[in-house]
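Quick one: the structure is below, questions incoming.
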């Protein structure tokens, strides 16, 4: 976009870049805030349908589609309460910490080829690390609220998130290993083509580890059945018991933002990212790499693809939430430490062995042979200067190996 | 073992405990000397041929007529009557024990009448006795934690007594 | 222009030059120095064992800033003797070992707390646990 | 059209001269330094931890700016996770002795401040002492990648020799240190697990509490309610009788 | 005593010395079923002791009863177990009838069975749904209420009220059923029967539900009896007692000729007159799961009884008869009667001095005794188990506080 502004609109370079940055930031913010609005509405409708109700019906004409907005306005107008014994600064700060963490993680998330806030070559790592920061806001909120229920919620959240980061990290490493890169764009590009190229279907181990990832992701964003931090039947409302109005809605937005983020991450890591199950664009002879209108169109298509997959993930989380009872804290920890972690470790080893033993997959031609993947990694998807050092490095590796 | 046989066994085991009986009533009952109630219950729970292992209910009935005109007509003397409803899970039979207490200990108004607690026999008696104490004003000696249960801690009086006066005000809340 | 404003006037170009001039290693070194000094002061001042621990983290972090700065190709002129990748690798090791150190230190703090019911290190003046 | 643009450009001319890299450096550096100093000045452990996290996070930003993306991400993940645990322990261990304040005397503060300032002066002097360190990079530099770091940790060096290093020098990999650190971490893990192991309670809690002359108020009691709340003796009775 | 705690495997202590805290659960807490207040003494997540504080709903209904005639007190019984007001009405009506040696007509008798059992279903539906809510799953609650609403519709048709019916009264019922009611009732039963399978799928056999309830809050047979527990709580502990079968003649006569088997585990299995899911391996007799399961069985059992009652009622000729006058004099004497209300054995005691206004009335509430055992059950459990245990006792505060 910056190039477009510079070349076509004739803006000075600095202005073009600034505009680009602001637009990107606003877009991401809208994904979270607008996404939260949509998802909250969707959750209410879905929950209602699951429970034989209608859900919101009137606000905004049909389907109550303006309900979330109306609620948002109501929250804006609500009195901002703070308990007397609260630690004022931390209490006010906590929602923003959560929200910022959720927001920052989106920076490295690619929505389509080249549709990414900042392409980082440690993208996966960055997203997971920043996502872990969200818990900070929760703990601060729980501590600062001067309520025992909040403190309980915060402590549960801390224990849970710190524990679940371990298996989550192991799950995330598997696609990294298969793609040979931590760059989310590269990982997604490696899965281009038919859906058999998706890492989900790469081998049985990745299939299993995908479900481990789903479990851990649900747990790390605190959704049912792992919503211990806000377990309403035990802890009233957990860490946000004392929050109201806009501050509370920031927690809410952070939660929905994180839900969307882990779903999108699952899509990128395991389900081909913006590559649909059927490579429509490729069959039509179009490529996302070109800078012309066709390429732009392909990218938009890819973005729709990714958003669709991520939304699907969010919907599944909602479905689960309205179906299952909540686990107990010790059972949550057991699930993590006794099941998820060993399973993820075993699957990780399994994927390694598979890569060594069957580099081409069971049926040749169905999935890409590993060698090709490796070459692709060295070349880099865009063939840009950014990947040059990597290519050189690879040459060196080859030399050393000889 | 039912009826008079059972009673004679009880009488033999704890002579003098039974001070009255009415086996023809709708719910046949025996009257126990108040100071022996815990022993009797202990015997009924552990040693009796029909083991009464459950205490269903304790009721205090305040036999007192505050209206002087009506009081002149009644046939009974003012007293507090405690009724214990027991149940045997194994034999599926019930038993009614009654105890007569003075309305006030030593007839000094304000001094609660006392009776031994049966908490040691059935732990479930704990709350029942607390309720009786709270609402009817009977002091159960030997109760581990006898305090008000339904009324607030600082409530005055025992509402189920016939001479109870509802307070006009409680912590700024109008009573009447 | 009054004399009182002089200081501000002098500060503005400095600040402006900070914003307009490219960053060099020295910039990073200043940040590292401040973190390091803050960490040292923190270790010295705090009586709370956890505060001391945080001071240590700051010190290590200040050192890390230096390592990364020297390793960065962005910050050095042509002829500079940089650390290259080695700087980053050492920074990584520092981070890892800091994590391990924090775990051990927390363990010590916990034991101390169990014995003394406080985390005030001024109370840690006996040789026996 | 061009006239408007020109005016616009003239007004915002200083922005045009802005070096964004420097701008973000100043931003992150300011946050890092300010929060580091706040850590020193804060008394509340939880606030200290918050400032520490902000400081460490800003430092991670500096790492990203310096092209060390992997180190930056690592910093976020490990340091922040570690500090999180610190925070939890801070809440657990410190809040419950309300009248024992763990505060520093003013004398100590002043003394430490003087020492710290002296140290800072020395460090700053040394930071500016080498002219080469004050020369920023010229021209564009290839974007760094995490690959060489990873390869170096595996014992294979694929990166270019650092500028100025002698030709033909053997550059070592880091496989052995890597392994040592792994084992080290394992040891620490086992040690931590040993410390946190569960064992059966020896005396019932009620007896223990009753025996102590003044049982300490609970964590949240202090943190949440303050000193007003009643303290349980043996049973949770709030009653008079 | 100390050794008993020593051997308790649930109580563990960590090397980290932590302090206990007092937490106030209720009276405004999402899962205390009304205005119950529990004070928990916790060590982290482990609850060492709970103390229920009751009386927030105390109206001294017994005192009110000393100033009203027996029939005038019926509406006050409505407000005891307001979830099964019909059974409360029935209990009091039968007690007074017992003292008066009054027998209602055959048709009224069958109508009483019909109404009481329907009311039992309605009550157990709330118990089941709210229990799901306690465990963090929302949907079964609404499913349960959906069906309960249909029962309430039927009740509304019969007596005009949806919550406090005052339908069954001393000497019969206030009105006969409207035309077509039986058909609608049968239609409801036919529609409701298959739905029970769904409840079993969502709760009874759900893996998380079983994990949360099996072997939690185990109430031994002896303890249950000693505390005077009754109803599903007692039967969940394996005590074969049901006042409909074992009670006094005036009550059991109501169920003369009705075939039903008491829902209790005998010789390791529950009565097998219907298809039930198997008992999970982890469940121990007397735990939360069994208490819940007994309720589920009783729903089916009550449906059977309702069907039988419909047959008998429609076979009866004539009218149900008129209830007694409001100012009917009660003979001097006293009578105590326990009936099997959904929550347990509801006992009423009436003492009369020969006037229309009883000298003393007493309500022995089942929830009162059932709640009294909660501190024993919650010793050493986790915070999350407290709602699970208290919820499994299925208490109603209106009945406890009276």
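For clarity, chains are labelled A, B, C, D and E in written order, and residue numbers in each chain start from 1.
What we mean here is this: a contact is a pair of C-beta atoms (placed from the backbone, for glycine too) under 8 Å apart; a residue touches a chain by one contact, two chains touch by 3 or more.
Everything quoted here is computed from the prediction, not taken from an experiment.
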item: Chain-chain pair with the highest tally of contacting C-beta pairs; value: C-D
item: Longest centre-to-centre distance from subunit B, chain (CA-based); value: C
item: Length of the line joining the C-alpha centres of subunit C and subunit E, rounded to whole Å; value: 65
item: Whole-Å separation of chain centres (CA-atom averages), subunit B against subunit C; value: 75
item: Separation of subunit D from subunit E, taking each centre as the mean of its C-alpha atoms, in whole Å; value: 56
item: Whole-Å gap between the CA centroids of subunit B and subunit E; value: 26
item: Junction residues of subunit C - those touching two or more other chains; value: 110, 113, 117
item: Of all residues in subunit B, the ones touching two or more other chains; value: 148
item: Touching two or more other chains - residue numbers and ranges from subunit E; value: 15-16, 21, 23
item: Subunit A-touching residues of subunit D, taken from the complex the two chains share; value: 5, 9, 12, 15-16, 18, 20, 44, 46-47, 50, 53, 57, 69-70, 72-74, 76-77, 80-81, 84-85, 87-88, 91, 142-148, 151, 156-159, 219-220, 223-226
item: Touch list for subunit D against partner subunit C, complex; value: 14, 17-19, 21-23, 25-26, 29, 32-33, 36-37, 39-40, 45, 48-49, 52, 55-56, 59, 62-63, 65-68, 70-71, 74-75, 78-79, 82-83, 85-86, 89-90, 93-94, 97, 100, 102-104, 108-109, 112-113, 115-117, 119-120, 123-124, 126-128, 132-138, 141-142, 144, 148-149, 152-153, 157, 159-165, 171, 174, 177, 181, 184-185, 188-189, 191-192, 195, 216
item: Residue ranges of subunit E touching subunit A (in the complex, touch as defined); value: 21, 23-24, 29-31, 44-45, 132-139, 142-143, 146, 202-203, 206, 208-209, 211-212, 382-387
item: Residue ranges of subunit A touching subunit E (in the complex, touch as defined); value: 47, 50-53, 148-149, 152, 155-156, 224-225, 227-228, 231-236, 322-331
item: For the subunit A and subunit D complex, residues of the former touching the latter; value: 10-12, 14-15, 17-18, 85, 87, 89-90, 93, 120-122, 125-126, 128-130, 132-133, 135-136, 139-140, 143-148, 150-151, 155, 158-159, 162, 165, 182, 385-390, 392-394, 396-397, 400
